[in-house]
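Each of the next two complexes has subunit A plus one more chain, namely subunit B in the first and subunit C in the second.
Let's turn to the complex of A and B:
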């Protein structure tokens, strides 16, 4: 039986539930000492004076500030997303303060509490400047940023003309707030130097090789002298893909004190020492004919970036490709430089922000035209990507909408707002569709077939808690023709064949493809041995005539067979090793436009007296190509929906408007959904094998599932209350 | 945390003597508020005088037409007490929703009212039930006990020994909890005792207060609808990231109406 397609449980599940999985912060390195940070209490200005004498006298191993920390090499300009994989402003290099919570000093001591205590003894005097925050005033000074991912602006046809001539128009402003990832696992680093100048790091990273490249660059260490390990990650969500200042600080501290140094961020530090999702203010204009057919889309977004980097939330990206618009589609992004640290990708970056605006606007259009929201989307479905003009590789949007609606029971919905009740509650239903970018990235992998019939998969990918260990085992097991339990998977170590960052929902399709190709190559080597090796068992036939199953090679139309173990023994080989280098053309250079799709449906219950919105039930229909493991895929979908519930109802990082610092720096002020907030979630996978997306047929899934939860629930809230909330989150008071 | 001395008091008199002599010493009951305050270095007492070993401060008993609860009685014991459940079920229910199990198994009624957190639950019951706070020196009427934000009528060497709650004809408590701590964003306790109606509101302002218009309206007609046209002004009410003062003002009305409905 094929392992692919089976709902196999996590191979690391028992390690995790029994506490034996070693996360970065759990790793104890002998002789390791501890670093504690001092952070700026102001958001803008400079350090006028810093007095570290009391800390130095507290029996510590080292006290560092910009005055004595070695200088780093600057990161390259212009700042880009893929090079150098991190914040451009480097820690403890000068007396400037660019954001609140910026690290300004570090203490290293044998014991953590000693370091923390000594850090409190450092006295800092600031020259305080008025911080710039993201608000209505500063957005007026928004600028056109340079590109770092996709083109910043786009225009196909003449969107404005299409809108101007439309029978029905929607023009609204939507806003999404700053948010923080709040992974359960805090960021942590343990850095060790060897006598020969090589550096070993345990680091919470979802981008081993990006981290290695950046560290090599800014610290001037040859890449091959750096080893980074991350066996398990306790949640990344994009927030652990860049190198953040604490990692660099731990490395330099370890060098200075000549001991391994461990630095783990506190929960509060995770609000300024590492990235976040920046707020957006988005304007959308839609034009449509009376039948709901779009004649034009204009979507623009403004988001804040730090004074030193040009990070862009590409919120208008999805409007380029989700729906057809006969007149044209125009999008644009601007940024405002403010006093904060560098934002970063946060599930689902760009798309989940833009879809809130676009798919809310589509719901507004449905009411304006009197067309059912599902019908409206079917009318605007397209087989060609409006942006690039290329046909979509696969686009099961119709199936998502129709099968999802049927599963949900959409047809019994009464479209009038406030028309459905249950006791004192208003009941309502909303829907939204989604499109999600698919990445084609290079990745390498190695597969070894051992003499005992077991196999080893090695690739420098990561398991963020997503199930990489499990799905890679399935891919290798099927390709090699061995039972899944026979396959061991090793990830999370730069000594393995390099893979890509585990971001963008790209791991299954790309890292997975490299494992597939390496396993195919190992299997083919075995087949060649069986045909041409010592005492070759198969005296006729060729590769295609040989089947592998249950660890045994069998020649077609014969009863001649040999196990991997016997084959290796017969040839005097301890094992067979094969490597693969998956090197696809980037998606945008390919002949087809590749995206994942979905349609989601939410039923909510609103207490109109209190403004409380509760999710009653949720159906998600997803086209993520071929599903390798329905169980881990379902877990991704559940996680994505819960993530979206947080986005739409709860999450908001509040900034003090005068002090310019994030205020609610813990779980008691920054709310995320709990089990009690989440009902039964119904997940459907409707996609088919997509050969353009990956040799495995899989498209991106993880982030797709968090994209349109917000508009589906916001649309349901409108249906319940008649109130259109265009500024997230839909907190209680907005419904009063 | 700064250093402090620790002393277990043998009796109320013993504890009163120590805090009377040392102005920097502090009583500790369940420690659920005090210990976090020490951890954050917001207080620097010379000594902690633990009331935990004093038998006379514990226990729940019925005295005539009142339920008397010793100051060191934990929230969980009030929640589970058969006497409280049968005589003032609203009070048992209030106690059962304070914080989380850890807080309920340590925190005490004496500590809660002595602390007078603006969002604490008990003060609303003390006020609405017109309870009497009994100390080592005197008896203090509810209306005189809670003074201002974290301020009570207690003197510097005064110790709460018990709270006496008259048994009402009808009572109920409704709170809109803080999503993390479960403290009251707004909690409204309504009670009808000896024909008198009192409404205690916590969480909304700097200190528990009575909503007198609601008391008058409910005195005429014990029905949530009697409150329909009343509203509380938002001026001076608390405002934070979870709820603005306007929303809190609105909540007072909704919680009061729901409490009346619940009281039956």
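Let's turn to the complex of A and C:
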């Protein structure tokens, strides 16, 4: 039986639920000492004086500030996935204060409590400046940023002309708040230097090799002297994809005190020591004919960036490729420099913000034209990417909409707002569609077939909690023709064949492809041995005539077979090793436009007196290409939907307008959904094998599932109440 | 967090004596709030006096027909205690509306009374806060105050008391038993917590050396017509925007007696004698409930982000009264609010 396509449970599930999985912060290194940070209590200004004497007298190993921490090299520009610095402003290098919670001193001591206590003894005096925060006033000073991931602006056709001539027009402003990743696992680093100048790091990272490159550049260490390990990650969501100041600090501290140094962020520190999702203010204009056919889309977004970096939330990206518009599509992004740390990618960056605006506006258009929201989207479906002009590799949008609507029972919906009731409550239904970027990135892998018939997969990819160990096992098992239990997978170590960052929902399609190719290569080596090796069992035939199943090679139309173990023994080999170098052309250079798609459907219950919105049921229909493991894929979808419920109903990182600090820096103040908030979630996979996306046929899934939950629920809230909420989250006072 | 001394008391008298002799010390039982506050440097006790092993963990019927609850009874044990479930269901309901199962398993009843506000500024030592540092100012007044108080506020503080249990205890008119170096005393529940006035740093009227030893419930439990309704941003595990405890005695279609207490709106569980009097003797209908609710909120004051809570509290009072009068109390397991 094929392992691919089977709902296999996670191979590491038992390790995780019994506490045996070793997460970075759990790893105890002999002789390790501990670092504690002091953070700026102001958001703008400079350090007038810093008195570390009391801390130094507290029996600690080292106290560091800008006065004595060694200088670092500037981070490379422009930003790239190869050199993933979290932020360009480096810690403890000067006396400036650019954001609240900026690290300004570090104490290293033998015990954590010593370090923490000593950190409280450091006295800092500031010259305080009034911080700039992101609000209606400061957005007026928005500027055009330099390009970072994609072109900042786009224009196809003449969007404004298309809109001006339209029979029906929508023009609205939507806003999304700052959010934080809030992974359950805090960021942690343990840094160890050897006498020969080599550096070993246990680090919470989604990007082993990028982290290694960046650390090498900024700290001036040869790349080949750095080893980074991360066996398991307790959630990444993009927040662990880049190198943040604490990792650099731990490395320099370890060098200075000549001991391994462990530095783990506290929950509150995770609000300023690492990135977050920046707020957006988005304006959308749609024009359509009376049949709902779009004639123009203009989508613009403004987001905050720190005074020292130009990070862009590409919220308008979604509008470039989701729907066709006969007149044209124009998008643009601006940023405002404010006093905060650098934002970063957070599930699902760019798309989940832009879709809230675009797919809410599409719902407004549905009401303005009187066309059913599903029909409106079918009318504007397109087989060609409006942005690049390339045909889509696969686009099952129609299937998502139709099969999802059928599963949901959309046809029984009464379209009039406030028309469906149950007791005191208004019941309502909303929908939204989604498009998500697909990445093609290089990845390497090594597969070994052992003499006992077992196999080993090695690749420098990452397990974010999503099941990477499991799906890689399935891919190798199928390709090699062995039972999944026979395959061991090793990830999370820079000594393994290099892979790409586990971001952008790219791991299955790309790292998975490298495992597929390495396993094919190993299997083919075995086949060649069986044909031409010592005492070759197959005296006729070619490779194509040989099937491998249950660890045994069999020649077609014959009774002749041999197991991997016997084949290796016969040839006196301990094992067979094969490596693969998957090196695809980048998506944007390929002949086809590759994206994932979906349509999602939400039923909500609103208490109109108390303003309370609760999700009743949810259906998601996803085109993520071929699904390798329906169980881990479903788990991804569940996580994505819950992530979206948080975005639309609960999450916001609040900045005090005067002090310029994130205020709700814990799980008690920053609310995410609980079990009681989540009903049964119904997941459908409707995609087909996409050969352009990956040799495995898989497209990205994890982030896709979090993209359009917000507009689907916001659209349902409008259907329930007649109130269009254009500023997230939809907290109860907005509906009272 | 700073370093501190630790001592475990073996008797109430020793605990009180240790406290009197140790300036800056704090009692610790479940630690579910105090330890968090210490990690955040909000509380910086010189010493912790561990009272968690004192023999104060029983629930006993009193000669007067009421119940005495030891201060160290766990929140979850009290919520599921058969006598509480049967005779004081509003208390059980309020307990189960609070925190999470894990926290309720750790948290003591005495500690629940002494929870500190969750005002975000109180928790952030980089910001001015009169409750944390007297005289430093109140950041919430002109800041992010969505969770803050609308009743009984002062120019010095608009923090709210976070407890759910205490809202039910206020409605039930419990008494608090305390022991200090000068002996034992009993404090009426309404006199236990304070309004902020000029001294927001003081949450309650305990003397510095006094230890809460127990709670006494009077005989009347309002087991038929009650409800504890908690309005919060998510269905579980969140502090109240507004909560309402209602206890009614009905007869002949009229309200004979009404108890009404609100949480999430003030520095202490909020009772309003005028509103309760306005319910008494009236028909149990929507118009009566709306009049009472309007009275409760008549002196409410919003501070911008939290101004919606005035309307929300009014509507929550009406809903909770309807639930109680109808004999359909809010369920804490099925979170749907009917």
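Keep this in mind: the second predicted complex is superposed on the first by the 729 of 736 C-alpha atoms of A that agree within 3 Å, B and C clash if a C-alpha of one lies under 4 Å from a C-alpha of the other, contacts with A are read in each partner's own complex, and residues count from 1 in each chain.
In the analysis below, a residue touches a chain if its C-beta (ideal position, glycine included) is under 8 Å from a C-beta of that chain, and two chains touch if they have at least 3 such contacts.
If you're wondering where the values come from, they're calculated on a predicted model, not measured in any experiment.
J.: After the overlay on subunit A, what do you see for subunit B versus subunit C, clash or fit?
T.: Here subunit B and subunit C cannot both sit on subunit A without a clash.
J.: In the overlaid three-chain picture, which partner chain does A:442 touch, first (subunit B) or second (subunit C), both, or neither?
T.: neither
J.: Of subunit B and subunit C, which one touches more residues of subunit A?
T.: Answer, by number of touched residues of subunit A: C.
J.: Under the stated touch criterion, which partner chain does A:565 make contact with: subunit B (first), subunit C (second), both, or neither?
T.: Touch status of A:565: no partner.
J.: Contacts for A:654 in the overlay, against subunit B (first) and subunit C (second): which applies, first, second, both or neither?
T.: both
J.: With both complexes superposed on chain A, which partner does A:609 reach: first (subunit B), second (subunit C), both or neither?
T.: A:609: touches subunit B and subunit C.
J.: Please work out whether A:732 is in contact with subunit B alone, subunit C alone, both, or neither, and reply first, second, both or neither.
T.: In the superposed model, A:732 contacts both subunit B and subunit C.
J.: Considering only touches as defined above, state whether A:484 meets subunit B (first), subunit C (second), both or neither.
T.: It touches nothing on subunit B or subunit C.
J.: Taking the two structures together, which residues of subunit A meet both subunit B and subunit C?
T.: 609-611, 654, 663-664, 668-669, 671, 732-733, 736.
J.: Could you list, by residue number, the parts of subunit C that touch subunit A in their complex?
T.: Where subunit C meets subunit A, its residues are 1-3, 39-41, 118, 120-121, 123-127, 139, 142-144, 231, 233-239, 241, 308, 311-312, 315-316, 319, 335-338.
J.: Which part of subunit B faces subunit A closely enough to touch in the complex?
T.: On the subunit B side, the touching residues are 176, 178-181, 241, 243-244, 246-247, 250-251, 254.
J.: Touching subunit C in the complex: which residues of subunit A?
T.: 41-42, 100, 113, 116-117, 120, 266, 268, 423-424, 605, 607, 609-612, 614, 649-650, 654, 656-659, 661, 663-666, 668-669, 671, 673-677, 731-733, 736
J.: What residues on subunit A touch subunit B, complex-wise?
T.: Touch residues, subunit A against subunit B: 609-611, 652, 654, 663-664, 667-669, 671, 732-733, 736.
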